[in-house]
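Here come two complexes built around subunit A, the first alongside subunit B, the second alongside subunit C.
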Partner chain A sequence: MIFEYAPAPESRDVVDIRPSYGLFINGEFVDGSGTPFKTINPASEETLAEVATATEADVDRAVQAARKAFGVWSALPGSERAKYLFRIARIIQERARELAVLESIDNGKPIRESRDVDLPLVAAHFFYYAGWADKLQYAGYGTTPLGVAGQVIPWNFPLLMLAWKIAPALACGNTVVLKPAETTPLTALLFAEICQQADLPPGVVNIVTGAGETGAAVVGHPDVDKVAFTGSTEVGRLIAKSVAGTTKKVTLELGGKAANIVFDDAALDQAVEGIVTGIFFNQGHVCCAGSRLLVQESIAEELMASLKRRLSTLRLGDPLDKNTDIGAINSAAQLAKIRELSDSGEGEGAERWSPACALPDKGFWFPPTVFTGVSQSHRIAREEIFGPVLSVLTFRTPAEAVEKANNTPYGLSAGVWTEKASRMLWMASRLRAGVVWSNTFNKFDPTSPFGGFKESGYGREGGRHGLEAYLKEIS
Partner chain B sequence: MSERLSVRKTYKLYIGGAFPRSESGRSYAVTGAKGEFLANASKASRKDLRDAVTAARKAFPGWSSATAYNRGQILYRIAEMLEGRRAQFVSEVAEADGVSGKKAGELVDAAVDRLVWYAGWSDKITSLRGSANPVAGPYFNLSTPEPTGVVGIVAPPMGPLFGLVSVIAPVIVTGNTCVVIASERAPLPSITLAEVLATSDLPGGVVNILTGSAAEMAPWMAGHMDVNGLDLTGADAELAQKCEELAAENLKRVLRPGGKTDWAADPGTARMTAFLETKTVWHPIGI
Partner chain C sequence: MTASSNASLRAFLHGLPGVDRVGADARAAMLSTRSIKTSAKRQAIDMAISMVDLTTLEGADTRGKVRAMCAKAVHPDPADPTVPSVAAVCVYPDLVAEARDVVGSSGVKVASVATAFPSGRSTLEVKVSDTAFAVAAGADEIDMVIDRGAFLSGDYLKVFEEIQAVKAACGEAHLKVILETGELATYDNVRRASWLAMLAGGDFIKTSTGKVQPAATLPVTLVMLEAVRDFLAVEGRKVGVKPAGGIRTTKDAIKMLVLVNETAGPDWLDPDWFRLGASSVLNDLLMQRQKLTTGRYAGPDYFTLD
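What follows is the complex of A and B.
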């Protein structure tokens, strides 16, 4: 017997979206000089608000405000900076529901995830780095801040990426100019209000909205001492090139094509859950997503049957419905990219499968999709799809699994499923990836350093290691 | 009776544990501080550089998975071998830099001591740079540093031995392998150092040394897609910028010039940490 779920939508009333938003510079909302852009709800295509575009001149004003504030902020005792950050963490907790709903509306991610994953991690991140602000002398990276940090973040975890960037920067005594993604600016602008509520000194946090040009202005500004970027490897390359010959310190958290490796002795039901979390969490809009499933040949058939059964129970639809597992694709452009790559999978001979899954009429949607019979040369095994698409490959020996897992220019994350601890550690030591999840996947914590090997970028966010990106090297 | 005619050494390259001439057949005259002819050094080509990268890549799995204790022992062994050839290095450094025998002796001693210093780091840097992370959940969570991979080094033009040792040791002690472009001005001690490396139980390919034109070779190294890191200590500002731009193509970790090059000062850990990645492993805790 199948029981239908009744709709269980989270109320939108908790959040008040303004018709238009300005830039947040020097503690105030000001007009931008560029042509404003619209941000939409990807689940309905409804326009949510009009948002200012920051031009080079606006970015310059923001950097100047940050430079001026740097003198004040870096001179504060660490314990005082800590208290501001603790305050921000508390206000985020107090307004968590409002932020979660807004995040789901602007981004398309299920409320279950924004409420239970994103927001708790955002608050925890500020709380964690608040505690470091007056303990830097014990961390081993010196205590001298860099100055003004220019930070550019992606649309997949808008507020969480903001937290990963702003919390350590401020704790170390830097001031910031942050550019949120063009398609998801709203929670960053609500965060600006939180900075006001916290009485954060003006200019310590500046938020400039806009598209790639605004980001390039932030990164390229000569008075920016530090560049932190999370996004595509393609843009990361451009940034790395643009800072050549300067003294700017750079950290880059870029793309991935993680292998999720399942051995024949793995706890299969748990592995299936881990595979689902690995690739379908946040619609697969996750740089560390387990997008390549490497399954040991002897259990491939059994595992695939079990996985398909599980995928048939996933619920796709209204991101604000508390029962929704898969929300909307963030933008039309991203949907087009996912479609193009998926079509290439079929074109190159892989076998495509999706569960029966009705897609809403409006908005951007893509059903959970699994490709089997994938070879390493297929584009869907090499390129980051950034969507709910899993490519399945098989292997026979642990050595072959390592070889295939590492056969990518990326190196952000990997997963290993086995009940044998020695094999798990053997695998973990050979996988060229910054995060290895064993018998789990897509777990995050402010105390745990995150970042890539190879073309997944450099630098770490989170943990004691995350401080290094925002302090002057001790020589 | 006439004085015995000395047997001169042919200075070649050091690639994959062997001493080949440049495949290009090119060489260049190396002169001492007073302009006197010292020897013809090999002028390495792009093909030599690619061969060196291949050798370094091939050596990486073995060297990076050797125990830290083993790597420390081998670095210490290099120091022993260097000490044993002290007289030879003193004379080469004196000729190259035009310094007194006493000063050259101090520089050679300092190079030996630097190797001993780094040897001791092999099994300590992990404890300093790693961490057990108290995540908010039932998970074991451990971060450890791991070597970046193949590192290209533009060695400092000055300090043909002490400077050279000071840039190679921190890169290899953590498990990286490297391709080094030796001082173009004073390359001879680097090839004599290669003879030391070759007799120190250091696996072939862990250190590869090329002599020739840095301005010619460094951009090839910076643009090579199988090089993971780039130490530009010996590059001038213009060459460094060009190399950093090329290095962006595969997001090499770049150590810019301008860092500490007073080789006598405490080197700190920065040269090691520049070519370390942090790996974090999670595992659930349960019964």
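What follows is the complex of A and C.
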């Protein structure tokens, strides 16, 4: 019997989007000096709001505000800073629905994910680092904050990346100037309101919006002591160049081309779920996405059949529908990039497959896509696609799996699926990746450090290790 | 697959892919977030009603109680003829004749538990004659229990042969094999027991007797739905699934239907292939159905007790 789920849209009424937004500097919303830009809903292409562009002069004002606040903030006892962070965490929980809806509208991700993954993790991150604020002397990285942190974050997890950046910085006593991505500024600006609501001292958190030039101004400002960036390897390289020769401390969390490795003794139904979570979670807009599936050849056929059957049940459409699994691609530019790389996959001889899947007429959409017959030399096996596109390769022996998995300039994450514990450990010790997931994928927790090897960046975020990036080294 | 010895059965059953508990729990939890509203809810409620095996399995059951339950099974809401009948009534063997008499040719099936229900601790001879008695009394379906002691001790052949013998005693009647998953402890065991029951000829695999906790949890039902899906692909025979025990609310029932829809697929969304072993859920389904029709909730006094 056919069982169609009726539309079950989450209400937009919980969130009040203003027609225009300014910059958040020194605890107040102020006008930007640059030409304002529009942020749109990628699922419908409707304009959501006009957002200020921060020029170099605006960024300078923000850095000055942060510098001034640093004196006050860093002088507070850790237990006092913790109170603010706990307060922010609680307000985030209270306003979680509002934030989740806004995130889905501005980013295109399904409400199920913003509600069940992003927001709980955002609050958890603030709670976790609030707990560290008065215990820094036990962390082993000293207790002296760096000063002003310039932070530039991507559009794939706008609020979660903000939390990853701001929570540890503030816990350690730093102040921040943060630039959200130009396609997803709205939740960061709502977070600015939350800072006001929490009575956070002015200047401790400053949010400047704009495109790449604004980001460059934040990173390049001479009075910034610390640069934290999450985004593409390309921009990461530029940042590394621009801070070379300065005393700025840098952490970069960049791209990935992670291998998700399935052995023939894996729990196959759960492995299929892990493959789906690995590459189709958040439309594949995940730096640690399991974009390369390495499957042992003896089960390749069976696993592909199961995977295709499972992908046929994915529900693509309105991000605000509570039953949507795959939302919209974040921007026209990203969609063009995904299309270009996918076409190159076909051009290079890989076989392309997507489930029958109607795409909405308006907005930016790409169907879940699987490429089989992929070889190591294909671009779709080398380059980060950052979309719902899976490249499938096979292997025969564990050694071959390791070799193929490591044969990439990236090294952010990997997943291994086997019921054999000894093989799991053997693999984990050989994979050159910052995170190795064992019989799971794309699992995040504030207590667990996260970061890359090789061109996936340096520095760790999350966990006790995440404090190191925001404290002066003990000499 | 030849079931000639414990060794060959073990080799087969332990060669099935394992079940990762964390992953299975997460998948079931994710599916339980599906939001079934308006027209979909209406369809789901009627589908669920038509899949209910309305059950009474108490030592204190009376002929009167069984007759009342059977009348309700045929016309769950006497005031609203658009409400479908349930799939079956489920009673102890000595009450089968009573049930048969009431449901008559309404299309509602009579199911009977058998084989020393609920523990299954008796001789094969007793189990077979228990089955034969229920079938002779007019049962369309037999819900047998497996010997969990034998299964857990690794005596798969004993379980296999008992199911075969009971199946033979069923004749035309359909055989549901109760695994009592609450006693099997691991999802790996649930998967193995599912395959064992299907290989031995069961027409349905059923989670629980309702006498042991936990009973029909979502992850256990998920694992069993995967088993019937895979069994059809490998062996070419379709087997039904019946979660039983602990399904009390419309929400519980709808979660089960979502699980079926997205695991075994819509082909199983049919009373011939999916049943809900329950009793109290029926009134909640009726209540929610009336709410959708009238926009108001009626109090429990407006629905018959049994």
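What we mean here is this: the second predicted complex is superposed on the first by the 475 of 475 C-alpha atoms of A that agree within 3 Å, B and C clash if a C-alpha of one lies under 4 Å from a C-alpha of the other, contacts with A are read in each partner's own complex, and residues count from 1 in each chain.
Just so we're on the same page, a contact is a pair of C-beta atoms (placed from the backbone, for glycine too) under 8 Å apart; a residue touches a chain by one contact, two chains touch by 3 or more.
Bear in mind the structure is a predicted one, so any value in this text is a computation, not a measurement.
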item	value
Partners on subunit A (subunit B, subunit C) - clash or fit	fit
First, second, both or neither for A:237, with subunit B first and subunit C second	first
Partner chain(s) touched by A:112 [first = subunit B, second = subunit C, both, neither]	second
Subunit B versus subunit C as contact partner of A:322, first or second or both or neither	second
Partner chain(s) touched by A:419 [first = subunit B, second = subunit C, both, neither]	second
First (subunit B), second (subunit C), both or neither touched by A:266	second
Partner chain in contact with A:274 - subunit B first, subunit C second, else both or neither	second
Angular separation of subunit B and subunit C about subunit A, which is computed from CA centres of the superposed model and rounded to the nearest 10 °	120
A:439 touches, of subunit B and subunit C: first, second, both or neither?	both
Which superposed partner A:11 touches (first subunit B, second subunit C, both, neither)	neither
Which of subunit B and subunit C A:3 touches, first, second, both or neither	second
Shortest CA-CA distance between subunit B and subunit C [superposed frame, angstrom]	5
Contact residues common to both interfaces of subunit A (with subunit B and with subunit C)	439-440
Touch list for subunit A against partner subunit B, complex	124, 140, 233, 236-238, 240-241, 243-245, 247, 252, 254, 409, 424-425, 428-429, 433-440, 443, 445, 447-451, 453-455, 457-458, 460, 463-465, 473-475
Subunit A partner contacts - residues on subunit B that touch it in the complex	65, 128, 131, 133-137, 139, 141, 143, 146, 148-149, 228, 237, 240-242, 244-245, 247-251, 253, 256, 258-260, 268, 270, 277-284
Parts of subunit C lying in touch with subunit A, wherever the complex brings them together	17-20, 22-24, 26-27, 33-41, 43-44, 47, 226, 257, 261-262, 266, 269-270
Parts of subunit A lying in touch with subunit C, wherever the complex brings them together	1-8, 112, 116, 265-270, 273-274, 313, 322-323, 419, 439-440
